[in-house]
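Below you'll find the structure, written out as structure tokens, and then a few comments.
Order of writing sets the chain letters: A, B, C, D, E and F. Residues in each chain are counted from 1.
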Amino acid sequence: MYKPQATYKVPGFSGIRTFMHLPYITNDLENVDFAVIGVPFDTGASHAVGTRFGPSAIREMSQRIRGVNPALDIDIFEFMSGIDYGDLLVHPGYIEYSYEAIEEQLTPIFEKNIIPILLGGDHSISLPHLRAAAKKYGPVSLVHFDAHSDTWRSSDPRKKYSHGNMFSLAVDEGIVDPYSSIQMGMRGSGPNPNLESSIELGYEVLSTDDVKKLPIIELCEKVKNRVGTKPVFLTFDVDFLDPIYAPGTGTPEAGGFTTYEAIQMIRGIAGINIIGFDIVETLPDRDQTNLTALHAANIIFQVLSIIAKKKSLEVSLQL
Amino acid sequence: MYKPQATYKVPGFSGIRTFMHLPYITNDLENVDFAVIGVPFDTGASHAVGTRFGPSAIREMSQRIRGVNPALDIDIFEFMSGIDYGDLLVHPGYIEYSYEAIEEQLTPIFEKNIIPILLGGDHSISLPHLRAAAKKYGPVSLVHFDAHSDTWRSSDPRKKYSHGNMFSLAVDEGIVDPYSSIQMGMRGSGPNPNLESSIELGYEVLSTDDVKKLPIIELCEKVKNRVGTKPVFLTFDVDFLDPIYAPGTGTPEAGGFTTYEAIQMIRGIAGINIIGFDIVETLPDRDQTNLTALHAANIIFQVLSIIAKKKSLEVSLQL
Amino acid sequence: MYKPQATYKVPGFSGIRTFMHLPYITNDLENVDFAVIGVPFDTGASHAVGTRFGPSAIREMSQRIRGVNPALDIDIFEFMSGIDYGDLLVHPGYIEYSYEAIEEQLTPIFEKNIIPILLGGDHSISLPHLRAAAKKYGPVSLVHFDAHSDTWRSSDPRKKYSHGNMFSLAVDEGIVDPYSSIQMGMRGSGPNPNLESSIELGYEVLSTDDVKKLPIIELCEKVKNRVGTKPVFLTFDVDFLDPIYAPGTGTPEAGGFTTYEAIQMIRGIAGINIIGFDIVETLPDRDQTNLTALHAANIIFQVLSIIAKKKSLEVSLQL
Amino acid sequence: MYKPQATYKVPGFSGIRTFMHLPYITNDLENVDFAVIGVPFDTGASHAVGTRFGPSAIREMSQRIRGVNPALDIDIFEFMSGIDYGDLLVHPGYIEYSYEAIEEQLTPIFEKNIIPILLGGDHSISLPHLRAAAKKYGPVSLVHFDAHSDTWRSSDPRKKYSHGNMFSLAVDEGIVDPYSSIQMGMRGSGPNPNLESSIELGYEVLSTDDVKKLPIIELCEKVKNRVGTKPVFLTFDVDFLDPIYAPGTGTPEAGGFTTYEAIQMIRGIAGINIIGFDIVETLPDRDQTNLTALHAANIIFQVLSIIAKKKSLEVSLQL
Amino acid sequence: MYKPQATYKVPGFSGIRTFMHLPYITNDLENVDFAVIGVPFDTGASHAVGTRFGPSAIREMSQRIRGVNPALDIDIFEFMSGIDYGDLLVHPGYIEYSYEAIEEQLTPIFEKNIIPILLGGDHSISLPHLRAAAKKYGPVSLVHFDAHSDTWRSSDPRKKYSHGNMFSLAVDEGIVDPYSSIQMGMRGSGPNPNLESSIELGYEVLSTDDVKKLPIIELCEKVKNRVGTKPVFLTFDVDFLDPIYAPGTGTPEAGGFTTYEAIQMIRGIAGINIIGFDIVETLPDRDQTNLTALHAANIIFQVLSIIAKKKSLEVSLQL
Amino acid sequence: MYKPQATYKVPGFSGIRTFMHLPYITNDLENVDFAVIGVPFDTGASHAVGTRFGPSAIREMSQRIRGVNPALDIDIFEFMSGIDYGDLLVHPGYIEYSYEAIEEQLTPIFEKNIIPILLGGDHSISLPHLRAAAKKYGPVSLVHFDAHSDTWRSSDPRKKYSHGNMFSLAVDEGIVDPYSSIQMGMRGSGPNPNLESSIELGYEVLSTDDVKKLPIIELCEKVKNRVGTKPVFLTFDVDFLDPIYAPGTGTPEAGGFTTYEAIQMIRGIAGINIIGFDIVETLPDRDQTNLTALHAANIIFQVLSIIAKKKSLEVSLQL
């Protein structure tokens, strides 16, 4: 069982920066339930760029997070063994080469039934992440928090990939099942603001206005009903949050969500069957107060908590 | 028809910084519906100063805004032709000289039925803006979003003008009709906190507490009823927003509004007859994350959207 | 009667930085109702450190605050005389020595029936503050806004004191009466997240989730009922606020309160018998936009307003 | 005798912010040798603006400066009594009104033979400063460190004053004697780069290139020869320094001087008869690291040191 | 004749941001001597990334630069006509596609004998810049200021291009003549620190230590002798400067040059036959004080000055 | 042999942050020549505080440093095996407890003949570092780069320790031999500016002015002669550098050294027998551009280079 090395006797500010002071393990993957993995790749970014420093920043700001989540009454490491796996090797400037490398490096993680917790990086890393997931699980259900649907269609054949179109490509490739998937939080004035391309692909889509009108508990019921017991690929773009909560990102959109709302939403979907997670688009050079990274770390903590909660319920059912 | 020069083929970060990539036009004002105009004047500021750099900052942060507003189901440039007119010539350090210059330069804009979209600058630029407007329209109705009523009375005859008293002067000069005008969002501890001077002048005034108690839809009805079909001068001081949404301003007041609320309010007053607009008090040197400028640009986008929406309805009525 | 020296004729940005432009008085304490006092001590900090610069930052950001609070319809200095007493002498690096010095310097303040308004410094300064208060008043009732309960128990006898355990020590020392005390806003994943230690001590404790579920008016009634007419020691840790409102602090916890909410809560408990107040954990080096200090200054303004409000009601009762 | 109140027993970071912890005195000016006085005026600024916050920033960054200057082997307060006089009342937005007020408030300082040490504010405050000085001393000799000669001629009669022309106006007004004056450090591409207007007025002018070619000791001899024993008005614009040493200023010019060079120059002119001094153009909103203010405070320390050094020599001559 | 539109009557802070207030011209290239052109491309960056915002930042910080260079006694626009051409269309994330686009767009500039003044972007834009230059001039002489030689050899055939190897590729392609070229300022510990690959290619290479040992006048003679009258491609990576002068860059190396030194070096090579220039690697997100952009703008000003100086001498020779 | 794990195939920005990508090893100390060790302790700080985050910041900024130092023609890892040992356990707020812990944890490092490379932390960590060193080597020779001599004498028996007096305590304790020790770079106005206490203790002391007057090569000879072949404890306070090179520190003193000068000085003392090294006082919260940490990392690189150079010469002598 791997768990954070810092105890209350060791100050939070002390030590080599792994996520939540987890042990840095790359060779021994037995008995590991989740692996936090950095993917410092940002060549898919369309506007501000620099999320290659996101994994480092999130690790730095995760120092004070401990394993107990009182709102869910769960101690994560009572039910799960987790590691920091370090960063994947990527090739800045080379998109396809990097996607191949990411997929290849993630494949053994999925094979060992480890849940990857990816620290982006730009959102396009979800594409190779999904490719690796689908090799294990077949087409997965997407639960997607974001200000953008990322289902844009490139009109230039020389520019196939970007962080704006991977969720249309994923449907094209058959690695996401849009009919059990849901996208939430879309807003702004950019490409695809009316969300037609997502709807045509089969996704359920809720704009920011749609989400704001729903009580959080109803929103979460909608998500849980949509995905059922299918394997869920959970992806969280920090620009889902309002720009004041996530200034450190490349394509902020005014008028988003508070972290309190986001935390309630994550907690509210406890019970779904998460097989992979990534949190993307943290851009430290635009995160002067480090709050984007702090909030990204906290979202991961909530996700780990609901995965552990599900395990704890399964354990108690077995007893 | 003038419209943004950047299409989705041109990256948002590319090109000379005009507002929303609009063409920079100063000589050909035919067939122009609105003109974005910088007024880099800040000598009227009473506390922190530097809004002379506001126009440049707002243009910089408007890059990613495109013309489609899904919430209102409108494509701005389907119904309007717009330009960036550059900046007016002002005289830093010289208030009266600058007011004369601003009024003189805005007069031909109003004469051509172009709606000026002014980028401040300190809020006192509304006075020459109103003077030019009234030459065309007579006394106008003020719709005013701000943390301060700006109806202070100077007690020193050698200091006639500041950004704290132009809306009492405007009533004195007969260029604003207070009885069809409304001020919203006042709070804080500064001069005139109890708002007597505004009420005496004839304005309707809603403090922040008053506004927070009203559902936004009711607030918007109140505004629309107050102004009716009269020509409306819309003015938005970024300190209406909570300081965390608009840190880059000179007189922030704790406990204000979210951008989501402000956006809903602007959308909710669609239908009023806007003849001039200014957004003021963006102070880039205190806007470390550039979010104040981002939010100012977004508010302008919402205002342009409701103007276009009104046009679209008029067009459909004509059909 | 001491009151702010700046009038509307003197610009807010002008002058030596005392809190709200109050006179800087250290020798003549007759006829003083409250004294703003800096305590630049931070050796008790467990994570980020540097609140020794908090008093200076709060004074700097208090410049624009005037004495009138329209929401409570009160002019503070009509009912109270106040001073800025400067900073207490502390000994950085030496906890016990500093606590002794703080207690000793505060004792004559309490003896003269002056309400100390302390500018922290780390939260552990509440311990000597309470010791001095209890010498005058006996065990006091704690009203405590914070993300952390600070009732942790040190397991290492060589590390008795920190900013995480003074409210358990205060009960041990008999200087706080937990059964008429309340703690509000607890959240996060750190030590004592489930708040057992507070509950065992006798405190009433409301987590952030508990508070969010209550209408503010009900929360305030609960506080007022809990403390009754007993002497109240009010303590406000800026991390009660969401990190976006208080980035400049050492142990921020995602998902907190807005300043608007906090202001409403302070106003809502008007009537309680405040005998001492401190606002702590403002860390200027992490407060790039100075908003934490601005908000701390505003919270103090609200607290002074409710103290004055109580006085004004007492005065009117006497008439 | 007034001297800094903090001793080594009081931490530098503690206390109300006066310059170097000097006592804040406004009413008792007997036995005062120098008075540090803030002039928070910036309406004369032609480009970036905000030096009204300069006095506060310089005071903040002067905290760690003590009275001993080992390089000159002098303890300032052994030979001089000094105070912090607070800030002058100015009228933001109103140039002539402010100049009148500044002159009037400085006149009694000069009358009492106190040397004013002014903290700017924009450089145009030197004009009323000189007017007050000349009332006491007649035309004075200017020793001027700056990247700009500030002898521009306004071509617009409605804009008589700015921070770019006060040293031509001062000659016009007969309050500076240009033939015993010297300007050093001019560079850049702005108005008057070839310095003709200064030369025509009678000033000796040394460009940055001229200064860099001279050994510092020779430069200082040149200055001392130029001014002889005449009353000297010393003025230091922080943009004399290279922008990396003084980023917080409104019109930085690449390729300037290090602080080490500037310190050597000040020390090197010890012996001149300084009757007034101002250090100007510190703009805190562009001084993210506070180094401009730190350096301004240090330059003042060097100036105080050479004034004290002269006094110490006079004292020893008398013995 | 095109020249800056702002005169001393227009404040430097006013107007749409073109370089030095030059007219923004894209269609009429007759009688143009130089064109300032942004190349917002950064996909070649190996470490920190974001120079796509470099052109905008340099334009912003060029506002106060006027046309007169007193050190060279030249008024640029007396001898040259210049424009701001805006930005080239590039394809973020796609290196080869972007290089083709850049080359194609620059070709007509060279054909019209216009000197391109490129604002990077990462340094790899020099490769398509050189390709376009060589179509006009054949192999050119490189004069290269940089902390890195950028003659690294990629060992991975899937990663042919980066900002670390374009000057070896340029020799391979025959578009640079290394034997009349010189590289200056190399330092650090990265790939190729001993500079073997440059020397093997035929370049003359001077490390930072080599340069520091030479008087600037000798260094400039060495450069002028090396290139003679051949067409010179001048390229300036801002990391040639010490990191304190250019913090806003992706691969800073401690221990570099001051801007004063760099300015002297540029002035000292006046007389060489510059046919193209680029200044690269300005990364605004890491340039908190904007000094990197200010310095980049100043270096361009010096380069324009020496080009104009050469023209002025040719004109006077003709008379 | 341990050496950096990143090769040129792995981007510098990738991976868990150890110093220079060295392996993170805590259990196997055989065949280790040097160990980089963080000491996140800052309770000894007298002014600004927060160097507990220094180790993390230095590691972050060391990413791009590779093992080859061309100026010394040395490849560090050809001659040395090095690790990152992580951070020592310290007790924030408790000075003596922490010193005991530091000494105890360093003792086995010295016992294994490993050279500790300590990342501070405030400068007072040198005291337990010296205590551990002296247990192995007896009294050592101090080579000390700093703006302060740190030989102040505490006059308060309750405050025995601070970062201002450890080098007088070290002489008192007999763990430093002052007569073979040297202190360089002292300046400022603080306690002990005339350096009497150091001289009395037996140290050789060179003020900043003394150092600036010496050619670097002579300075280095002086150091080498002073220490001879004795075991040298090298300590580098980043405030030795000018504040513009090291803004991120707690007690900056204007008028210091460039990094270029510091690098030359380190290289120049190659050959001395370094048995321990610490670099202290990096305060990330005041290091907005991260240059202090970058420069600290580079100084370490130079120190490692001269240690390796000495080894290489010893190896070649043996051959």
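In this section, a contact is a pair of C-beta atoms (placed from the backbone, for glycine too) under 8 Å apart; a residue touches a chain by one contact, two chains touch by 3 or more.
In this text the structure is predicted, and so the values were computed from the model without any measurement.
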For subunit D and subunit E, chains touching each: B, F
Required minimum of steps from subunit B to subunit E, each step between chains that touch: 1
Same or different contact residues where subunit F meets its copy subunit E, judged by the half mark: different
From subunit B, the most remote chain by mean C-alpha position: F
CA centroid of subunit A to CA centroid of subunit F, Å: 41
In subunit E, residues with contacts to at least two other chains: 9, 11, 13, 46, 48, 52-53, 92, 156, 244, 286, 288-289
Chain pairs that touch, as defined at the top of this document: A-B, A-C, A-E, A-F, B-C, B-D, B-E, C-D, C-F, D-E, D-F, E-F
List of subunit F residues in touch with subunit A within their complex: 9-11, 13-18, 24, 38, 40, 52-53, 56, 59-60, 84, 86-87, 89-90, 92
List of subunit F residues in touch with subunit E within their complex: 8-9, 11-13, 63-71, 73, 244-245, 258-260, 263, 288-289, 291, 294-295, 298, 301
List of subunit B residues in touch with subunit D within their complex: 42-46, 48-50, 52-53, 91-95, 97, 156, 158-159, 161-162, 285-286
For the subunit A and subunit B complex, residues of the former touching the latter: 46-48, 155-156, 187, 189-191, 193-195, 207, 209, 212, 242-244, 247, 251-252, 254-256, 286, 288-289
